[in-house]
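Here's the structure, in structure tokens; my notes come after.
As written, the chains take the letters A, B, C, D and E, and residue 1 is the first residue of each chain.
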Amino acid sequence: MAEQLHGQPLLRVTGLRKAFGAVQATNNVNIDVRAGEIHALIGPNGAGKSTLISQICGEQMPDSGSIFLDGRDVTSSAAFARARLGLGRSFQITELCADFTALENVVLSVMLRKGRPFGCWGNPRHDEALVAEARTQLAHVGLSSREQVAVADLAHGEKRQLELAVALARRPRLLLLDEPMAGMGAEESASMTRLLRSMKGYYGILLVEHDMDAVFALADRISVLVYGRTIFTGTPDEVRRHPEVRAAYLGEDHALQPALAATTPGEVHAHT
Amino acid sequence: MTTPRTLFTRYAAFGAFGLALLLVMPLVASLTGTPYLTNLVTRFVIYGLAAVSLDLVIGYGAMVSFGHAMFFGLGGYAVAIMSFHATSGGPLFGWSGSQQALVAWPLALIACGLLGAAVGYLALRTRGVQFIMITLAFGQMVYFVLVSLQVYGGDDGLMMGKKSLLPGMNLAQPVVFYYLCVALLVGWTWLCMRIVNSSFGMVLQSLRQSERRAVNLGVAPTPYRLTAFVVSAVGTGLAGILWANFAGLVTPDMAAWTKSGELMAIVILGGVGTLLGPIAGAAVFLGLELALSAWTEHWMLVMGPLLVVVVLAGRNGLFGGWLGARHG
Amino acid sequence: MLTLEHVTAGYGNSQVLFGMQLQARDGEVVSMVGRNGMGKTTTVRTLMGMLPCRAGQIAVGGTPLNRLPPHVISRLGVGLVPEGRRVFGSLNVQENLVATARAVQGEGQARGHWSLGRVFALFPRLEERRRQSARTLSGGEQQMLAIGRALMTNPRLLVLDEATEGLAPLIRREIWQCLQTLKGEGLTILVVDKNLAEMAALVDRHHIVEKGRVVWTGSPAELAVQPELAQRYLGL
Amino acid sequence: MTLLLEQLLNGLQFGAMLFMLASGLTLIFGIMGVVNLTHGSFYMVGAYCAAIAITKTGSFGAGVAAAVIGATLYGVVVELLVIRRLYLRDHLYQVLATFGLILFTNEAVSLLFGRRPPTVTTPAILDGSVTLAPGLQYPVLRLAFIAVGAVVAVSLWLLVNRTRVGMLVRAGADDREMVDALGVDIRKLYTLVFGLGALLCGLAGVMAAPLLAVEIGMGERVLITTFVVIVIGGVGSVRGALAGALLVGMVDSLGRAFLPQLLGSALSPAVADPLAAGLASASIYVLMAAVLIVRPLGLLPMKA
Amino acid sequence: AEAVKIGFITTLSTPAGYIGEDERDGFNLAVTQGGGKLGGVPVELVVEDDGLKPANAKQAADRMVASGIKLFTGVNFSNVLAAVVPGVLEADRFYVSLNPGPSNFAGENCNRNYFVASYQNDAFHTAGGVAANELGYKRVVLLAPNYQAGRDALSGFKRTFKGEVLAEIYTKLDQSDFSVELARVRSLAPDAIYQFHPGGVGINFAKQYANAGLGKTVPMLMPGFSMDARMVAATGASSEGFYTTGIWSTAMDNPASRQFVEAFRKAYGRLPTDYAMQAYDTAQWIGAALKAVGGDLSKGDAFRTALRKADFTSLRGKFSLNTNQHPIQDVYLMRIERSASGDLAPRVVRKVVSDDKDAYAAQCRMPL
């Protein structure tokens, strides 16, 4: 019994379908994410990755199928309720409170986790415990020196880092990341990769990314989505060798250069 | 760049200066032999109270209410009606003490709060422009209800011959009434500032800036917005109550869309999202209107372009830029 | 075709470009590469007239651009694929393509004319989605649309700012191939991209941008033999 | 039966009038993103120009020309001097500035033309009634209104949805800078569209002049109703403006026509009549609230 | 001697501004004719625009009271009057109304310092009922906006009308299109209609009435202020043949009136409205009383007594005061007709009520 509970995936999606008119954006998708695992989701543009993410986090409702979070059916729960159950995410296009400072953004997240957001009296910005934790979190993503800068004045890459800090400050059990490396230079990508790697084991992560170096370096398992269907799920090596995946997504490059693609985490560090 | 600290200092300076000005006003009035000055400033203060309340929803919750005058009207009518029954209309439910401020005012505020909750609940299904228009619709409905209250004067409105009774205070005394208004304004503004700086206020503002983000941090939007809306409704209702006592007359156009528009103009003029700015905005707007119309009957020819210039010249109204409003 | 000399520009009080220098001869493909926030996009915006050029000279085909509004610059034959796609969300795919389309200008006839059909041939995905509103396109589809939209203005000079961001490897390859074809037709291209390896075959000259100036210029081959450059300026 | 038919025509006619104002507003507000309270003022300017021209020349044609030119010109001037600087600003500031413009316009018009409402005579061709069916006579002027409304509706829909100009205007609403960078002079385009909105107001003004008092403040009187129309229909969509205008026109007219009888059958006339009028006054607001609660974006929102 | 200041708060801006303008001009005409004096006493008019906002009017009045002004007039709307008058009377100053005469100030709330130069608000409507009887109308339809004054108007009419009221149609407050109501009128086919719509709304109504072809078939009767001179001009030919009730018209046949119309037209280039006439009368009345006290308003009792005498030549002919200090006067039936010069103007058909007194005087216990 205990064994079973332990083996239960953090996220389980079964038979999910969603159509926009004639377009089957999600077509009978089954996917699961285990605790502590990084599960990458790849697929051609328009395959339905973002649509899947937004159904999991509750912004869009599926036509049919079920979503289980920690064994709990959340298919019809509101987005905020899922967040309270431990679902965190970062957005493909930055979603932050632009008028707040970096610190305030994280304080907000910590405060909401601690669950007394309806207080009308004390100023959370002056709450030592909240602020201290928020600072730690900012330091974690390397934004210590930018605490007091309003988000609107941050550079693109810094916003991406903050985005992650805000998501992590909520201490989610499951993290959905939609193209976190998009728009990042090689250096930033590498440091983001390092950061995600260091978090491995603490969170379950569903990672959508077109940067194959990062995906192969990080993922424990990879699912390939094409035209709304999961055509394959397996380890990075299996995926790389899979002919259908090569044809639909990777092209020949990655398949022909297994040496480059098979970079181990250590080698990523060596590169930078 | 303005740091939080300099901003804090500016707020303090602005508030202290404004408060000092308000406190000495009756003295100035009697020294200069212009006693009506107190009356004039009482008007600013009452409108300031309504403007602060409106700013709470517009500036911090991004809920642009174009029907807020309904609470102004309701608050005013509630006390005027109760007072009418206590004096000439025959006791209300056999109770003749309904001009007692300590009873009537809280009842009026509760009425405003309830109306705010009902309207807010329905209106918050929409956003943006639709929110503006649905609040306008509810405001107009209240207006038409007031117009059709034939017992209470219908379109002509209802005179409130006797001011509310407050133990230990004679509200008929302009100066006493003035200081009561100032005290309420200061208290209410202080309360609103606490609210916007609290956890609640922080969540409310995060909803304005990025609803998606807030929801994904576990925030259910409606309760926050609705609470802010109700608080704002109560504050605006309080202003209506004071207005009824000040003017001795309530009319349906207290609730008409033009009044809502005027309140909105005051908030924008003073600086959205600064709470203190709109108070000053009330003084400037009403003062300008009076001064110009005393000067020439074609005062709108001046007032209109002035408003345009204010908008074109600065991004945040008259005081918003200085007070660090992040709006515009 | 394109020259930037000693260009300075910035946002409000903060200066971003400090004497930017760049050149592309007719039919050449040149690149700007560099870390995040070094001023590549700012250069593009200044070139397009979306930001005022505070000092220095910008010219396209010999015409100085300083102080010209964006639409005039565009009509000189500059096609822009902006950073972050910026497709018109309330228009459908086809409308996005035709709304700002222009016929070929003067001497460009030889290159062949970009029409709806040709863009659809390049990106069949767009044809499938031609009536869909651009707002609901996937990220990658939007990127294709942005490229198609720029081509439909039949430019002499194509400027691509992170045009392959968020595209799947296969599509990326197709785009590089397409640019190669365009180059073959004599189109001048300025690309800003992160992906050095994929660009190598296409680009004639790289410009490495660091803190608002070009710190190194040279061919991909020259860059390949100086790994310390890439290490220092690109973090590779 | 003929009474019902006549009242339906009345609703249609009122709807046509609202549509002419609403369609311009929905372009300016929904597509160009400006809350333009001055819209009613253009209507007033148009009506005044028409009235003056008709008095001076005695020709209705001259009135139409004057109204269209006057309103468009004023619209363009307002756009160039004020609105142009407001496109990228928050709605709130647009409200304040255009509110200021209303004050200014009203006072300026009363200084220029006097406070006395000018006389407008109905042109001979539009005077009188025609028999549409046995027992159903309907004023020609009102029929003309319906016809013009229909023509405007069709041509505007074509313009917005079937022409480059329409696409560009919608594109400009999404991203002005990009339209500019792709080679279209967006400022000129916006001035043009704003002028078009004002032109439609002028047209409505000249149509209304023989039927309504030409007076200061006539614009604000219809402004709010116009906003109600476009919000019910769905902001930014011409089809929506048409649907909203017809719906509001019908609800308002039929409410006024039949509520009194309906209530009268249940209540005493002394209670029923004022109550019915009260309900009729609030009817369009009730309608709007109901529509928005069920469909928060209106009936036919812009993006299908 | 120092000029006597008269507080003149009226509506100059807003669409209704033309009414205030006429009132101010009418009053000023009297002052100008007296060479800056009324009744030989130099006067200074302190004019302020209330923008039709009761609160603004009250503010202006408070300021004027505080600055020592003792005599007020000018307000032209009942709701503004309600805001201004209590403060003025509380300070023991005088108010002479040149237009509105709401019932509460005529009855229970009458005051020794409050005078009305125009009429009690019901006067035209009750006369309208009498006129309808005399014109032989048996079945009428009534129309008015759905607000207090509108409802009062119709009940005033019904008080004296003896025939059958087919329908009371209440219109919306700010309605501009009446097609629906007109269709209903046509289907009811009454002998006549009585309607009350002030200002621009009245113009709309009259134009559309004619446009719908009803003008020729169903006679229209209305109170004079639903068709004042400016409204007649704006309505144009459509207004010909409409009946109104009123206390005065530009075609009134007495020398003072003829001179006034001529002088007004010369001074301002337009025909005076009833409002201008009332303001002119108010000025004359005040002049007479000022003369009696030699311009010294501190003699309040004497001034009051003089006002009560109403010792001046009213443009409308007979004018005396009731116990509630509202006028006793004749009310006429008029018809809009073309004069020899081609102008459209109301012309007296006959007197319908002699020495009209309002019904509220009985409730007034005037403190002496």
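In this text, a contact is a pair of C-beta atoms (placed from the backbone, for glycine too) under 8 Å apart; a residue touches a chain by one contact, two chains touch by 3 or more.
Per UniProt, the chains are A, C = ABC transporter ATP-binding protein; B, D = Branched-chain amino acid ABC transporter permease.
All values reported here derive from a predicted model rather than from experimental measurement.
The chains that touch both chain A and chain B are none; no such chain exists.
Looking at A-C and D-E, the interface holding more C-beta pairs in contact is that of D-E. Each chain's centre was taken as the mean of its CA atoms, and the one lying most distant from chain B is C.
The chain with its Cα centre farthest from the Cα centre of chain A is E.
Put simply, the C-alpha centre of chain A and that of chain C have 30 angstrom between them. In this assembly, the C-alpha centroid of chain B lies 37 Å from the C-alpha centroid of chain E.
Rounded to a whole number, the gap between the C-alpha centres of chain C and chain E is 75 angstrom. Among the residues of chain B, those touching two or more other chains are numbered 147-148, 150, 298-300. Contact between chains, per the stated criterion, is found for A-B, A-C, B-D, B-E, C-D, D-E. Every residue of chain C that touches chain D in the complex is listed here, in rising order: 48-50, 69-71, 73-75, 79-80, 82, 86, 88-91, 95-96, 98-100, 102, 133, 135, 149-150, 153. Listed in rising order, the residues of chain C touching chain A in the complex are 34-37, 83, 125, 129, 132, 136-141, 143-144, 162, 165-171, 173, 194, 234-236.
Chain D makes touch with chain B in their complex at residues 29, 35, 82, 85-86, 89-93, 95-97, 99-108, 111, 224, 227-228, 231, 235, 274-275, 278, 281-282, 285-286, 288-289, 292-293, 296-298. Within the complex formed with chain D, the chain B residues making contact are 58, 64, 122, 125-127, 129-130, 132-134, 136-138, 140-141, 144, 147-148, 150, 257, 261, 264-265, 268-269, 272, 298-301, 303-308, 310-312, 315, 317, 327-328. Across the complex, chain E meets chain B through its residues 12-13, 17, 47-49, 51, 54-56, 58-60, 62-63, 65-66, 78-79, 82-83, 86, 102, 146-149, 151, 173.
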